[in-house]
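What follows is a group of structures, each given as structure tokens.
Both of the next two complexes hold chain A, though its partner changes from chain B to chain C.
Coming up: the complex of A and B.
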């Protein structure tokens, strides 16, 4: 079984990767890649669905065993099952589903983002109290500088602030961001290659 | 005001917003109810979208058509994802989870290939080209930017990129006292890298804070407007 899973992972990965870089030489690879990617999309959908069903089972168990906070689990299960049934029967374009989307999901996301304002401010103050090194001070100074430089102030904009804020974000922050991005990409590349070489088998083939 | 869908949506939205804003006075049961309801409803919505847009439309429908009127090749090509989907679903049961490994292996292999291609063509090459283009004199002159300004800004950006990458280099050598330390020059560059990372994260923080502030103002404006409709 271990060998079979490794062979399937490596073969599928190599075919898809070859489809990206060698389809100019072997045109048939493009259709093979499209087929495999389509299967992967279907399986990702199915995996997400399996995850959601697992969520239902976990919270149903909590309700059944009357664990602490099971009332919240009941709210979650009722919300999930009713939305799922309405969505499956009526379709996601139905008016009832639009109430769910515009009345619950969008306002909840916006409100959570809104209270992040307070949480971030609190975290910034705590950072100054807990760790006052050069990086932390620069971090907070840059943040304050850029917020003040981009905001419309009640007494009018400070002339030099906007220019300096733009310079900091487009030159200094860009350098660091590019370094972080390249670092993340190199890490991602290495992880992907380790899977394709069979060194890492996160699907349980070790 | 007439009893309309907009009113129902507004009332539900008003209630959810108030429940979530109750977190500002501390973690409380009302906030938790709102969060659990949000997680449940969002998961249900996502599941419904997946079921209708992917499972029905792209899995079962082609499978049914192929089984009724397709060739042997069509039948085989539509049968494979259906079988793999069933195997994936077995991951829910702890006893049958092992059977899902084959489908998971396929998914991980494809995801690894997509990730490699994405990292290479979507990040590494464009960022390397971006680093080169910061020194493009012709483009700078076309935008009326002075050469010394281009060289200065390009040098700072390039230094930031290199120092940040050096900061993430953790190769160390053992010292006579047994401790592990990086080379002296690497330590200096890594310290400079930390400065650039601090500035970058500060810029990202400012962006996220501005977005959060916009959302907060929008929500407060919604609450005031909704109450105003009844006054």
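Coming up: the complex of A and C.
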């Protein structure tokens, strides 16, 4: 069975990849690629449903076993099931559903974004306690310098600071970021090839 | 056509070097975060606590698939090593397709360790389907399930700070890696040890996942040198053209 899944996965991967580069020579590859990608999209939809059921199973288990924090699990399950039911009955364009979205989900995520500001500030303060080395000091100094260089200060901008800050962010930081992105791209390429060769099989099997 | 040549050359190099690496011992530079990760695995087994592997919310149908697959490769190794632990590892993801593969990978790890009967499907979880809902769900796991280390590896944006900070408050060791620049900067500031850039893809090789992982590192190094030569060559040509030498 493991061999069959590997053969199917590798064949699908090779066909989709070939579809990108060789459809000029073999036009049939384009339609095969589109077909496989459409199947993938359909499976993603089903996977979302499986993910939701997974979430429900995990949290109902917690409620059943009366684990620590199971009250939150109860709130989650009730919220999830009621939203799902009402969404299916009323439709996503219904006013009541829009109120749920705009009055609960959006503000909850926005408040998490607000907490994030404090979390980041706290992390920056704790960085030197956690790791006192030259890199950490340089990281904090650069961050402080760029904030001072780009923020509007009450007594007006400090001369030259803005220009130097722009130079640091657009030359040094951008150069470094591109270097990191090239490294990530190369890592992604080799990881993809390992999966394509069947050396890594995240789809059932050793 | 250049892309096809790059992919073809990389595939050929990966194949040849994998065969070569099976015979020659690995010689890897030390990455403190990965040394720490290796030690953390052993410690969690000894003190009977749980590891939480957060795989982020990178989907497999977009450009973030690479980091998700690298996370799964690490998970496979961790699942095999910690399957007989008193408290088996928990893995969370923020994408439905990644969630399915998370469960499959965990099961494969248990199978490889010969203890498939110990596998509990709910140890692989979809914690939420948007970045912040995922962070909220993953924070809940870290805070409530006797976790001693949170290994964040995959695609994380700014929400990584919430997860790292929640773990920090519970005195949970955090090791972080993301392929997103914002996520990397945040993890660098908020974790004890962060993996930078392509180090994310080196975890398998450092944890002994096999010759193909070691070969991947060598191929990356070769390609990186080719990119450096191409950039420097481009600079030289531009320089010479500017001064009218060529």
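Just so it is clear, the second predicted complex is superposed on the first by the 206 of 206 C-alpha atoms of A that agree within 3 Å, B and C clash if a C-alpha of one lies under 4 Å from a C-alpha of the other, contacts with A are read in each partner's own complex, and residues count from 1 in each chain.
Definition applied: a contact is a pair of C-beta atoms (placed from the backbone, for glycine too) under 8 Å apart; a residue touches a chain by one contact, two chains touch by 3 or more.
In this text the structure is predicted, and so the values were computed from the model without any measurement.
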First, second, both or neither for A:57, with chain B first and chain C second: both
Chain B versus chain C as contact partner of A:103, first or second or both or neither: first
First (chain B), second (chain C), both or neither touched by A:199: second
Touched partner set for A:82, first chain B, second chain C, both or neither: first
Partner chain in contact with A:1 - chain B first, chain C second, else both or neither: first
Which of chain B and chain C A:130 touches, first, second, both or neither: second
Chain B versus chain C as contact partner of A:112, first or second or both or neither: both
Chain C versus chain B, contacts on chain A by residue: B
First (chain B), second (chain C), both or neither touched by A:35: first
Overlapping contact positions on chain A, where the chain C interface meets the chain B interface: 17, 20-21, 40-41, 43-44, 47-50, 52, 54-55, 57, 69, 72, 108-109, 112-113, 115-116, 120, 124, 139, 177, 179-184, 186, 188-189, 191-193, 195-196, 201-205
Contact footprint of chain A on chain B as seen in their complex: 5, 8-13, 16-17, 20-21, 23-24, 32-55, 58-59, 77, 80-81, 84-85, 88-89, 91-92, 98, 101-121, 123-124, 127-128, 130-131, 153, 156-165, 167-168, 193-213, 215-216, 218-220, 222
In the complex with chain C, residue positions of chain A that touch it: 17, 20-22, 40-41, 43-44, 47-52, 54-55, 57-58, 61, 67-69, 72, 108-109, 112-113, 115-116, 119-120, 122-124, 126-127, 130-131, 139, 177, 179-184, 186-197, 199-206
Footprint of chain A on chain C - complex, ascending: 1, 3-4, 6-7, 10-11, 14-15, 18, 59, 61, 63, 65-67, 69-70, 72-73, 76, 96-97, 99-101, 103-105, 107-108, 111-112, 121-122, 124-127, 129-130, 132-133, 135-137, 140, 143-144, 158-159, 161-162, 164-165, 168, 179, 181, 184, 186, 188-190, 192, 196-198, 200-202, 204, 210, 212-213, 216, 219-220, 223-224, 227
Contacting residues of chain A [partner chain B, same complex]: 1, 4-6, 8-17, 20-21, 35-50, 52-55, 57, 69, 72-73, 75-84, 86-88, 91-92, 95, 97-118, 120-121, 124, 134-136, 138-147, 150-151, 168-186, 188-189, 191-193, 195-196, 201-205
